[in-house]
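Got a structure for you, written out below as structure tokens; questions coming shortly.
When the chains are written out, they are named A, B, C and D in that same order, and each has its own residue count from 1.
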Amino acid sequence: MPNLYDRIQGRNTERLAALSDGIFAVAMTLLVLELHLPSAGQIHGEGELLAALGALGPQWLAYLMSFLTLGIFWAGQQTQLNHIGEGTRDLTWIHLGFLFAVTLLPLSTRLLAEFITYRSALLIYWLNILALGAMLYWSWTHATHANLIKPDTPEEVRASICKRILIAQSLYALGAALCVINSWASIAAVFLVQLNYAIAPQLWRRKHA
Amino acid sequence: MPNLYDRIQGRNTERLAALSDGIFAVAMTLLVLELHLPSAGQIHGEGELLAALGALGPQWLAYLMSFLTLGIFWAGQQTQLNHIGEGTRDLTWIHLGFLFAVTLLPLSTRLLAEFITYRSALLIYWLNILALGAMLYWSWTHATHANLIKPDTPEEVRASICKRILIAQSLYALGAALCVINSWASIAAVFLVQLNYAIAPQLWRRKHA
Amino acid sequence: MPNLYDRIQGRNTERLAALSDGIFAVAMTLLVLELHLPSAGQIHGEGELLAALGALGPQWLAYLMSFLTLGIFWAGQQTQLNHIGEGTRDLTWIHLGFLFAVTLLPLSTRLLAEFITYRSALLIYWLNILALGAMLYWSWTHATHANLIKPDTPEEVRASICKRILIAQSLYALGAALCVINSWASIAAVFLVQLNYAIAPQLWRRKHA
Amino acid sequence: MPNLYDRIQGRNTERLAALSDGIFAVAMTLLVLELHLPSAGQIHGEGELLAALGALGPQWLAYLMSFLTLGIFWAGQQTQLNHIGEGTRDLTWIHLGFLFAVTLLPLSTRLLAEFITYRSALLIYWLNILALGAMLYWSWTHATHANLIKPDTPEEVRASICKRILIAQSLYALGAALCVINSWASIAAVFLVQLNYAIAPQLWRRKHA
């Protein structure tokens, strides 16, 4: 088994970051391709056009949710990589696993938009979010044990990254569990969790500053 | 609320720039996919082929307009980020909002190309441009208040960036308002504003240099 | 023949890396577009939805295999470029040939997913993997002969890169040869080789550490 | 007219390079989407599958030609940007024009593959190549006049870049002109010119070294 080769592989976290930015960029933009606009032949007036666009409502919602999700996990991965000095072969493959879950998100989003009242579609969407969180958690614990974290990273930062993932994933799991009661309640809860991570802290901080 | 985590998030403006370049690159290239070429079975001679390509006229126009728009806002975002030293969590999310509007542009372009005589299609296209401008304006005012701008940035540069956005958006709004009179007049006006920002200043400068 | 121009061309391995990351990112994400989800009209219950998703089995397998393949070769190319100081025109074109094989992988994957029991589909898939390995091998031998490898690269690293490619390609060839007996046995063998390069060494190392 | 703003715009050639790499990466990979594979229902044996793949011949040829073209112009743009120290607003827009022609190449390639015996399809393809060359020529003359070229660039390098573009474009024009006689002769000539820039100089140099 070429152990030497494994030692020299995957050192370059900058290229990992560049590949990640590329995959996130394509996934974020591909989502739009799923939004099927009405064609000119079907529409006979301004009112009909607006009505047809409004009927795409669930798809817009799913699109916005997925963009938020991708944004949240892009920011989360970036925060980790900023604190990791040098990569390893294993870290590279953990992140490739993370990126695999990223490429699946346009698919599970499309599934959710098409079957928005189906519990299985919602659970698959949640499993995708769970996989994203689990890979990032694994990445950070691996980086901790393999001594890859930059020495100037304060102790409380190290702990806060794991805590953050656990809290967020608990909220997502609670939201997804609501689908036992009602699919729409569950989607609303997941959406609120996402908005919270994107927007709410800013408002909260202003109030308490 | 994990305030520490929020402080360490989004510091890396280089990764924000890389994600932005990726999203702009995909959006600029995706636009071409909307141009549906005639297939070999429908065409029976050189003349028919040229006629069929000519009939795609409104789509070519919409494509060119959108490429110009994306180019203008790509250059605008780049100019801002060049003068911003370090990012924050909030700045990251403002720019993710900006990028969300970028991913919508291929969609509103497709809508405009399909419904080029509909006022609502034109207004949606203009709302997209307005959103792009508003997010960039917000980004710069946020960077100003949060002291993120590089200290070597001269005072007049700081002011010129906001002024530039306000003037451009006023011209776009005037152009869009023309659709009360006529859709084509409105499109022509928006197109001229875009050409002005891409090409005209160069000619103007040469004359007065 | 403009020899001077050839000497100044292709020096920048960073741009080669950036183009490569972009092409890998698009290829990895495009693969998902091939997975055709059922539409809402065809499905009448949760059970039917899960059954329809299960029926996409061969496509999921092909997708996972191809993501693994792209990940393996991305890591392989990165390892080489990390040890190459400056590029040349020839090295650039060898890597463009490598990237051409990368862009073909979504296509041969689609072919394999559609014709998973056809030997010719499997052989074309294998030829694609062979082309990827051959170009990387050529790249390293060229870099060795043209003195492009960074001087601080130890002698055993230089040898291990070629050995690694030869062993991996021998295993792929053996796996592909199994298709004389049975297509599925052959796919299983290729899949195991890929998993070995992505995951197994880690387990192996832990046991023997 | 906000002249100050124009002066601070477009300075960052690294972001221009990153956007270019992204657009080239998407364009190179998108080309593959145009290759329509046969579906399982149409094929009833190994022989039929190979025959169906063989029937895609003109499309494979067009794909290979376009990948070569994109590779040639990517290398050409990279060579220029390596020698340019700082960008300007005008240089940015010249390169955005160049990138616009890059995004059109998948389209003119698709046109050529669909209408490979039509002179107008070939002429449009050639016009696309001409536009790519013209923008690069403009970029270099602009960089020369605006004093953007790095001071350590030798005089003969400056001249060789323009000469290279002129010779290549003359050969392309000659190849395209052959379509007066025969479309296939013309395609063959353009293809040979491209191969010459990608591969031949290497063989030539070896012979004369």
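Here is the rule we go by: a contact is a pair of C-beta atoms (placed from the backbone, for glycine too) under 8 Å apart; a residue touches a chain by one contact, two chains touch by 3 or more.
Fair warning: this is a prediction, and the values are worked out from it, not measured in the lab.
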item	value
Least hop count linking chain A to chain C through chains in contact	1
Selected interface, C-D versus B-C, where C-beta contact pairs are more numerous	C-D
Copies chain B and chain A - interface residue numbers shared by over half, same or different	different
Most widely separated chain from chain C, with each centre as the mean of CA atoms	B
Mean-CA-position distance for chain C and chain B (Å)	36
Chain centre separation in whole Å, for chain D relative to chain C (CA means)	25
Junction residues of chain A - those touching two or more other chains	18, 21-22, 25-26, 30
Overall pattern in which the protein chains touch one another (line/ring/star/complete/other)	complete
Sites on chain A touched by chain D in the complex	22, 25-26
Footprint of chain D on chain B - complex, ascending	17-18, 21-22, 24-26, 28-33, 35, 37, 39-40, 43, 46, 49-50, 53, 64, 67, 71, 74-75, 78-79, 81-83, 156-157, 160-161, 163-164, 167, 198-199, 201-202, 204-205
Contact set on chain D toward chain B in their complex	1-6, 8-12, 15, 18-19, 21-23, 25-27, 30, 89-90, 92-93, 96, 99-100, 103-104, 106-107, 110-111, 114-115, 118-121, 124
